[in-house]
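Got some structures for you, see below.
Paired with subunit B in one complex and with subunit C in the other, subunit A is shared by the two complexes that follow.
Coming up: the complex of A and B.
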């Protein structure tokens, strides 16, 4: 295909994708449970953002399992700011994300002094610390009972037009989530495909070599960590104003529990770490599958774990690169079929 | 709050440290020899506890025999995990993380589905308690710490005095160097998984006789295991023992003074501080 042809097909598929995303709530509209499905779509958008942030940090070769903890920070901070201080939800969401980024900046320097598995341990434990702190500081956060603020929703006023992003039909909130997540993903995408993105890749591939040609490893790692945590905070804020009830309980059903970090890891790996669209594919596919498999919800972690292991073994580049596996698998299959019965040796 | 309470808390913490040590030893051995963090180690601990529950409460086997059988079977499970799951993955760090996390999800769900819901507890290893000058120590906790220390002693003797133990130590210190002396790293990995899993199973049995059993109990145990090996020093047996005892005592004292929440939070902060400022811990080398 010629270069312009490729650009055209890219633009066309992008437009179709965008149109489908924007039209989805109206397609679902005739369904009796349309509000519920829109709610699921919003959650998918939020998880896509969280997973993409995790992937952005992983571009430098470090795996952060603190996603759930940073989502909790962003969610609680924006919820408390708007419900207790009385700031407008828009500003509260922004401040919540900034607060998350600030905490991330605070811990980033010491954390990046260690690498590999030790960095994973640090971020994992940090997530637990946030969870327990949210339960412990009960004067501020409402403790284990959780924190509810059903009366507050973001409201947009343009001239005489007023849009309230309430949970009645979820459609308004869906558009809000899509726009916010879209902007965040766009920024992440641009960063990854800029010079900075190449530097991250060089850090992941050969950090000492990168350092020897003058890359400041620490500065780059801290930068991407803070940016990614900002977006994780945004995801937490979006979640808070959608669900209106936050809790620090340590049950797997709680979105701020460590399990969410594991699920993000899962979406990222299954979708494909190498591709920017991996988290989109992974999160969308698996959260939809999970809804579809609602009657089997007890078995769901089993299915997820099994799929994760299978993907690690057979599709190490994830679903996003499925086209690369077809020749590999077919040649394997052919070899298998060609194999002589036992007794004869292969050359 | 009297001095008696403090002594009581210290003694309770010391005994809790026993179960933590057993989890931490496996983690630290696996980390040393295979250079991976076994994310499913907490689930192995849980599996050990549930095996004892199955054998002892449901099938009526003698408790101590059940603990022994659980140790063996869980060790075999560890062996199988190494052979089937971890050995073929000669790859990147992410694939190990994914494989072991996937395994932990699978084990949790399998146990959740295999057993009926409701509170489960293992029978007490030794009923009643000792009284020393107004301080009570339940006998099962004494058993817990004694068993933990005995098993650690056995492990140390194995590592220092036997051919295979020395080979394992060599492999942990320098994999390539050991390979050149004819030590097969895969055999060492299999052995370390079997031993670590067996120890975790005993830890699960001891923990299960003090707390309730539930399929998610492994997460907390895993966290304690990480905490103590980081405090004690990665790869050090002595460090794991001392770290476990310190963690147990610190936890119960902090819980006494600041409430049980702080008893969980402060050790976690401590671990992060240790990892950053003193990555080799109290007894680690390098």
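Coming up: the complex of A and C.
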């Protein structure tokens, strides 16, 4: 295909994708439980942002399992600022994300002194520390009982368009989440495809060599960690103003619990680490699958685990690279079929 | 004044002294060889010069400035590049991307362009790509620019490593075993490239190598190290006939091999 042809097909698929994303609430409207499905869509958007942030850090070769912890920071901070100080949610969300980024900047230097599994453990435990802090600082956060706020917020008016932070309708909030997540993803996408993205790649593939051609490893790692935690904080803020109830309990159902980080990791790997769209595909598919698999209830982790192992074995590049696997599989299948009739059972 | 002055360089790892009171000069435009038995501390010397390791004592002076203890990326910015032992490159990237990454210090991009790209950055990257092709032509890999680096044979990968180092536009190039594991043809090609670098660009090279034939043919001067200490410094002829070198290294060549 020619270059212009590729650009056109890219633009077309992008437009179709955008149209579907924007039309989804209307498609779901006839459903009895459309409010519930919109709620799920909002959660998907939030998890896509969290997963993409994790993947941005992973571009440098380091895995951060602090996603849930940083979401908690962003969520609690923006919720508290809005409910207790009375700041507009718009500003509160931004301040919450900045606060998250600031904390990330504080821990980044000591954390990046270690590599590999030690870094993973550091970020993982930091998430737990945030969780317990939110529980024990009960004067500030409401403690283990959690923190609820029914704050009627000022609306934002752009011309005739009114966007409200309400708890009544999900559709407005869905559009808000899509716009916010879209902006964040756009920024991440631009970074990944510019020089700084190339630097991340170089750090992941051969950090010593990258350093020897003049890359300041520490500065670049800290930078992407802080940026990614900012976006994770945004995801936490979006979640806080969506559900209006935050809790530090350590049940898997709590979004701020460590399990969320694991889910992000799974979405990232299943979707495809190499592709920018991996987190989108992974998070969307698996969160929808989980909804459809509700009847399976307690067997769901079993099913999900099985699917995951199959994907890791047979599609190590993830679902985003699906097209690459089709010719591979078909040739394998053909070879198998050809072997059968002759009866040769060579290993 | 020499390009690089190494003065009483010492590195201790706990009780082990890997490099001890090492002193030598690297003159502008020369090819200096460093030889010695395995474990003599040759690679440690490179690590000390490049800043990967911090010396226990001693000083390094590059172009009249003290560079002792600077981190590797700052040493690279001063103009010292390095080809690592073994094929250390960016394996999953294409050959030309390898070189483009090597140009990190010379992208000429402002912060915005560096982070987010844009029209200006795209124009700039195009210019960098042309420069990268020139470097690939120099090392003879221009027709394999779009291949994945790890898919090329050993000799070509070694040339990619060299191309990455050249992309940093160094004044001083350190090569750790540049022809080890190559066949005769590849060795000849690599040596010719190195000579061309000195001849046409006036580049200064320091080479660590076990292939004596290559070292003797290539280098102007040779420093011999054994147990972290310098035991000889001189022309290839002087080194070959030095009794200390023969005792410590050359005479034992059969055993080493």
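Observations, loosely collected:
One rule holds for everything that comes next: the second predicted complex is superposed on the first by the 324 of 347 C-alpha atoms of A that agree within 3 Å, B and C clash if a C-alpha of one lies under 4 Å from a C-alpha of the other, contacts with A are read in each partner's own complex, and residues count from 1 in each chain.
By definition in this document, a residue touches a chain if its C-beta (ideal position, glycine included) is under 8 Å from a C-beta of that chain, and two chains touch if they have at least 3 such contacts.
Remember, it's a predicted structure, so these values are computed and weren't measured experimentally.
In the superposition on chain A, contact is made by A:312 with subunit B only, not with subunit C. Residue contacts after overlaying the shared chain place A:150 against neither subunit B nor subunit C. When the two structures are aligned on the shared chain, A:269 is found in touch with subunit B, with no touch to subunit C. In the superposition on chain A, contact is made by A:205 with subunit C only, not with subunit B. In the superposed model, A:322 makes contact with neither subunit B nor subunit C. In the superposition on chain A, contact of A:196 is made with subunit C only, not with subunit B. Once the two complexes are laid over each other on the shared chain, residue contacts for A:258 go to subunit B alone; subunit C is not touched.
Put subunit B and subunit C next to each other and count what each touches on subunit A; the higher total goes to B. By the touch criterion stated above, A:17 is placed in contact with neither subunit B nor subunit C. Those residues of subunit A lying in contact with subunit B across their complex are 58, 63, 110-111, 113-114, 116-118, 120-122, 125-126, 128-129, 132-133, 135-136, 252, 258, 262, 265-266, 269, 273, 298-302, 304-309, 311-313, 316. Residue ranges of subunit C in contact with subunit A, taken from their complex: 50, 52, 71-73, 76-77, 81-82, 84, 88-93, 97, 100-105, 107, 109, 113-118, 121, 125, 164-165, 167-168.
For subunit A in complex with subunit C, the residues that touch the partner chain are 187, 190-191, 193-196, 198-199, 201-202, 205-206, 208-217.
Residues 31, 36-37, 85, 88-89, 91, 93-95, 97-99, 101-106, 108-110, 112-113, 216, 219, 223, 226, 230, 259, 261-262, 264-265, 268-269, 271-272, 275-277, 279 of subunit B touch subunit A in their complex.
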